[in-house]
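When the chains are written out, they are named A, B, C and D in that same order, and each has its own residue count from 1.
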């Protein structure tokens, strides 16, 4: 028996890059948090402290800022692709790179009914995310792109039931035919790499990352609103299914949805009727429903979902 | 020399009350975090553990939920007034009450271009706040109402300078005539109690709390956008002044504004020009500017600003 | 009626200064978060954007780091005093300064039963705090020092009762003669400025800040443990009283204590007895008890407790 | 092409169970945050909203509290095993369960030099963790146990170098032969299931979970302290290797270690020498090093590391 080094990666996490476009009086802002992780032939650094194959995490940071200017930073997915491909293609010991990005949305403030040219207010709603993974050199290179969002907090005040569930000796829950359903939705969708490449080839404008993002979000929100729900599981499945039906370049979608419990407050001791009007929004514990939806002919996921390399 | 009990208060903090109005198919939601604090003749509880004058914090919680139904919960200021007056008027040992409320805004989701009746998405922008203080019984009773918001994150990509400041032997900062100015604004405005009472008397609809809130916020945002700034101090002062000019029922406004530094990233080592295009959004430390603006004939502030009784 | 500038202050918040003493092989570490705030003749900055009296917040940051070397950083109170006096004494427009400091404690790791010379683990228990306020120039200068801590989480599994409280129509709480009492204690104690000066004069070693801190904390912990409690109010009062009795240089102590509720879990539906053995640690809401204890001949508090200038 | 349901799981997250043992005057406390997740034949819940196979998350919560009494809650690993096996063995549609637990450590307060019987202070140092996964029924059942901790903040003021690294056109970092090295360590170790079973059989006292936990932690701390480090990678590897050498029942260890940067502060502009004495503790970005160490004959990891099912 010997003790050996297993999987490892390293990088610079949470670079807070803000990119302003100010070529016209109407400025644009892109505000991101980008994390890089490199995989490759770094065994000597672990085994004997030899750094000769290790590109410093500080260099990865410098590159993230420099690329915001050199390559530009508009949609986060292609920015992530530029970074990932650079590390794998241009740094010899690097055999794989994963770039994870969060984007914070800003909207223009309105003055006298007109959008302002260079003043913004942070929207504060969901955080957009992307995870780009590139593995391999040259012709063997493979690429996965995952788009997504988190912290989209949705709530419906009716149109949600939960009953006829399995019971055992620890079951106290009462069934209900009308409850608040609320969640802070996280969704991640895997793009079909081949479809992305085709789209990019067909049009000089490339792929419409912004349109897909807006469309996926709106689709999910609409299903959440309009589906009469028998369970959060059902709602998630139908949300994911609708996305796959409308967006052919997406092959899989994963969702994580805390059931943010709103408990009907008992006002009977005070002689008051509570007809689903007063609730306590509880913190913990919360239900946590996680589900995925995919095409039955989806290509293998490969490293697409390997968010943190299983580390933490 | 003797050791004596000094100021004290107690209450129930962070009751997460959610109130749904569902009298028509178009539901309304009000989502608040309400904290109560009572002041009064509670010395025996401290000195000898005698609770006979102490209304439990659990009772304060029950009251907050019950009042959301009994008295209603639409605007947070009158809801806070109902609670504060109840504790002072109806609970004998209580001589003062302070109710602090945060409100989380929701907006309707849009389906096929139409606002949905009962599905909402959390806006996630600023948090609205209120602090109501009532002191004294009967004719001696005095009331203060403070409205406000926090976490309104504003940024302008130009139109902000900072130069000709005082220097000493520890000064390294370079002057600038064009920088990003960003803040996470907290503002609190003190209402003229007399004006509130008059407004309530003159109209059966009472006071337009929602209109004032929206107007104050919009006024501050507009000044932030349109004032060419020589310092965050100047911007704050002009924001506050504009509010007082437009809203006669507000007599004082206090602001706390972290200067969220966006440092121009040095791309010169990579042969790149950075014409205010790439920034690092830094976390800490941050400048912190705090200022107040008031009418020179404003009534005394009394207990209005006694946010936490000086305790923490 | 005119609109005027009210109270204002500005500074640099949350400078994360780490000071290592390495004059011997046994290194020492002091890890603090220091915030500065200056008060003075800064009206022109607000009124017309004139910065000529404004020492940049960046300069305040530089000074905090430089003083960690120039003046040293061992106990946080004298470090804060050095900074506050510097700004008031050496910067002409500054008439008052408030320095607030948090300190994060580290302890040496133990290797083979011996404390290591230069490796530390963060203790993670309470955070020590200090707030130093200096107002006025020359002979008119006044100084206040407040020591303290926060986030000291204490719990006793028995020895706590709560009953015979006031009830009204919203009271549902059942009395109890045995409950868990838990809190995350924040305490702040005001030193007698005259006593500090005398102590410093009498001994070349100056005042024993570390000894007082350890003693106050231990005193409070011991009273929490040994007092059979009829209410958290009583426990707080006795904790504060014991501190004042043992530490003559402290004239006032303020405490803020959330009642971290541990609710007995109802296991009866499962045929199980729960003899105060299984609890749910709830998040929100929580009781919040705040109280102060002082000497009846304590000097006036002046600006000592003016933590945030009433701003936020 | 059809759209199909992919992997899914559901459960109750963050149940805050506190278990007191009070059979003698010297009470014991175990304070945990337990999350359950069930996997199995829940497709109808997603596809058609049929809940007949779904044991409510509320029931999972009740079970977690009930088991703290019925089965006991001392070490978190066997408590997790009881819960996981119960769900898989006793609930027909459940084919797999994952139980994740965090434990918050308390230590006795000391009064007059003696540990108190029933008063505790939260230690606040690292959070202990466990993840138990059970898959399959009857003889086909497989079990994985992962122990661990997170938030163990370590720092050494010297004995750490970083130089001779790879450089490219974005590299600005200067090499150093003496720096602060600090991290907030997360570690997870996978037990050999066969070894656990043998140990349990050999002794009526079962397996010494507490001893292993303390030993692993101490081993890692000692290596961190005593190894002269050429890179955080090297330190992590040696820490993991030492654990595997000393604890035969552990077959793999994974670590995630942010490099908490302490930047030497430039005091030269003020005429001051900074001989590694004054640092700025920066927040973001941070290096992030992740590595694993394992035995070359370790059994396959199976579902052991499938922390969040790849969902979020």
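The rule is simple: a residue touches a chain if its C-beta (ideal position, glycine included) is under 8 Å from a C-beta of that chain, and two chains touch if they have at least 3 such contacts.
Model, not experiment: these values are computed from the prediction.
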| item | value |
| --- | --- |
| Pair exhibiting more inter-chain C-beta contacts, B-D or A-B | A-B |
| Identity of the chain that, by mean CA position, is farthest from chain B | D |
| Interchain centroid distance [CA atoms averaged], chain A/chain B, Å | 32 |
| Whole-Å gap separating chain B and chain D, where each centre is the average of the chain's CA atoms | 39 |
| Chain centre separation in whole Å, for chain C relative to chain B (CA means) | 24 |
| Multi-chain contact sites of chain B, meaning residues that touch two or more partners | 15-16, 62, 66, 170, 172, 269-270, 283-284 |
| Residue ranges of chain A touching chain C (in the complex, touch as defined) | 169-170, 172, 269-270, 283-284 |
| Residue ranges of chain D touching chain A (in the complex, touch as defined) | 1-16, 35, 37, 42, 45-59, 61-63, 66, 90-91, 93, 150, 162-168, 170-173, 186, 188, 229-231, 233-234, 236-237, 241, 244-245, 252, 254-256, 258-259, 284-297, 305, 307-312 |
| Chain C residues touching chain D - in the complex, by the definition given at the top | 15-22, 27, 29, 31, 62, 65-66, 68-70, 106, 109, 111-112, 116, 118-126, 151-159, 180, 221-222, 224-226, 262, 265, 267, 269-270, 272, 274-283 |
